[in-house]
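Same chain, two partners: chain A is paired with chain B first, then with chain C.
Up next is the complex of A and B:
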């Protein structure tokens, strides 16, 4: 009997070489980045002291400041986030439908939808805000539109994917009853994407609450304005109140979203 | 069902002439089917998998577009219909599916009511403005299929046999002039399968309409069918009474003989 020795290797030589090449490039990129960032050692090692100093200046937290300014600004922030999310839907729903291959077959329509969705996502909401502040002036409208324009890409893309994952059996059955296109959409697609729809929209709202807190930094209304004013005036005890209320609102938003979602599925 | 949904009496229900379908050009799956359905009752279509039984049924209500041939139904050629005209013809053809194809997140009663979608606008459908007559009809049908107490449960909480009953109720809800059933019993146990066939037989008699049923089980088919159509390789090889079908025919339809006892 002649026993054969089987040769087995996880990767071929070519694969091994290309893997090592990737590692090498990664290391070089890392070295290059550290060099170009030009970390100043004094400032870097100084950081813990500076941080401790900042926190000590935040203490005691100026809770009396909350009813004066922070409360109204916080409500404004929530309004911006909510309104922005609602405006998002006006644009995101048609784009999601256009982007789903099991609804529209034309590749041209897909490309148009994808163009808008990608443009929306490729610009950060802070940049959208800067743009809208320069058009509409500082204030809530700029904030709402910034939130909406950034969210369209997110909601539209995820919703389009949810539509594509729909079970086509019931859709076929409804078409067989002679239902119109719109009726099939309402009675076949909609019930199936409903849980995904609400998770996506609620998740985006949750993100938008946090984002709109930052938008004030560029003058687009909300708690960010208070935060930026207090920082500029070195009123750290007031900064602490603003930060704490943002934190509290995000936690509450999270609890609300989780509970709503539980009921919907 | 109420009196306005009275059964229709027609001498000629459905006529299929020279029906061909090619998914890949030059590779036809249906090679010229001629079937004339002139009597109510169950017409069982038997044949091996992949022989075009499903394609045939789906061509009739145009879930699949035929390549050539005519489907004459209600004084119109279904194979040429488009848009609104197609939808009007479709709503007179009730279809029952192998995997039931219910909208699982809707309640049982709403699934039955979706059978009326072809008769209403999307605006009405959205606001759930089903007519009182339709709502009564849906509850009567649920009672007829023995699911009255499940009306407000979600469709995904039902068993397979129960779901298929809902599927049949939805198809009958269309007040169809012909029923199509694509392997309605293949996902079910033998007892439930018989019950489903009994339901199809009952509705086809009550409404005096034909029911074209694709089916694997030859015994079950011959028990209920008034007429059997045997298909093999995209052509009809037997068309006649269930009594007239012989082992010789079955060999020709399915090939081989080891499975015959």
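Up next is the complex of A and C:
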């Protein structure tokens, strides 16, 4: 008879309690933050007016400025993104191999690889750019290295996961023929991770196009330099051109990547 | 010895793949072109490596003397991240619902999808610049920036998750005569809520990272402290800030893993 009166519940008591604990902590953090954050309310209520003012200054858009500087800067931005993505591979491939448990079994190597991957992801690309600008001086090289160092964590992590998911059958078959370590990598693992590899690299390239557009704000080359220069001179109509061209390039890059990835997978 | 004779009918299983060879050749050509186009030379690179040595020398040991400044920047970053995440998550819940094509008529979902796409297109830094110009320096610009970034990410993925739900349960709830809100609460949300939490936790993590960065353009938080330390060449303080940021982000990842396990 007990089953008749049994009340079905989706979650256990412990699950419920821990969920409520998360909600509670979040609400407490929110209340605490709102009380202590320094926000001037007048600025907040003034915001729509100021935004409208800013956009009205952008009009009419100064399209004549595009061929003067924006075009070259845009090409430079694309080059930074592409070259940065290629340089990433030099670091990301060994780290991905070190991070994959079916290639290297030692936990020490995993920890070393993971340390590099996590620190690459933790430091924002703008911060990497600041570091490299102070090393190499303002210019493209700082941008390329910033993009490269930032992407290592992303590419290395996803690539390592792709390597761990390969079918071990062909690899054992190759090993049984007495193939060398390099041959097993090239003819066993590589063909299997090829689609994942290209899709990860393209995905990262898409992100890098967005990121390289802002690196110029700290002096690392590309369209960001034009953007920050025109902004410092209050040339809002030129700012609008730069923003519009970034918008267009980002959209085109995304469309290209989505279409190639559709065919790959 | 028929079994051992090699017949020529077998093709080489490891034959060259001309498509991928072509791609690699293109990559090589591109490398040469881009190095020329951007004027990258080995000279400049090796010169920089000398500077790197000097820079690293000045970064160590990290200088935690001005920990009060560090702590106040850190607190502001955390506040920005928390406020922006909570408001962004709540807004995305509604925006995601409105953008789902299988629940909403076209005249609601199409403009909403456009708005979400617009939020996604620009890098947070560019949005931060625009907000700094319009609402002034400080935490408010950072909060607004990260809210926009959160909407762009969570609302988009949430709308896609809603579009993948099974409509049978929606029909079942509708058949009981439930109103629109009840249909959403009892048939749609149970199917997508765990994924929504997943996106939100990920975005909380990424807001934490970005809150340490928006300060570089003046939108409050630890980034501002970092940028001014860079400009004053206080590289040992820079090292201290960077260590703090990395520690904060690792802590954030640890916490978000716990939350993910709770909501699994």
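Points worth noting:
The rule is short, and it goes like this: the second predicted complex is superposed on the first by the 241 of 265 C-alpha atoms of A that agree within 3 Å, B and C clash if a C-alpha of one lies under 4 Å from a C-alpha of the other, contacts with A are read in each partner's own complex, and residues count from 1 in each chain.
Basically, contacts are C-beta pairs under 8 Å (C-beta built on N, C-alpha and C of every residue); 3 or more make two chains touch, one makes a residue touch a chain.
All values reported here derive from a predicted model rather than from experimental measurement.
Of the two partner chains, both chain B and chain C are touched by A:187.
In the superposed model, A:141 makes contact with chain C only, not with chain B.
Chain A is touched at more residues by one of its partners, and among chain B and chain C that partner is C.
Residue contacts after overlaying the shared chain place A:101 against neither chain B nor chain C.
Applying the stated contact rule after C-alpha superposition, one finds that A:86 touches chain C and leaves chain B untouched. In the superposition on chain A, contact of A:176 is made with chain B only, not with chain C.
Judged by the touch definition given at the top, the superposed model places A:259 against neither chain B nor chain C. Touched by chain B in one complex and by chain C in the other are residues 187, 194 of chain A. Residues of chain A that touch chain C in their complex: 15, 18-19, 22, 26, 29-30, 32-34, 36-40, 43-44, 46-47, 50-51, 53-54, 75-76, 79-80, 82-83, 86, 118-119, 122-124, 126-127, 130-131, 134-137, 140-141, 144, 187, 194, 210-211, 213-214, 217-218, 221, 227, 231, 243, 246-247, 250-251. Across the complex, chain B meets chain A through its residues 61, 63, 87-95, 97, 99-106, 114-122, 125-126, 167, 170, 174.
Chain C makes touch with chain A in their complex at residues 14, 20, 27, 30-31, 34, 37-40, 44-45, 48, 51-52, 55, 75-76, 78-80, 82-83, 86, 121-123, 125-126, 129-130, 133-136, 138-140, 143-144, 209-210, 212-213, 216-217, 223, 226-227, 230, 235, 242, 245-246, 249-250, 253, 259, 262-263.
Across the complex, chain A meets chain B through its residues 167, 169-170, 172-188, 191-192, 194-195.
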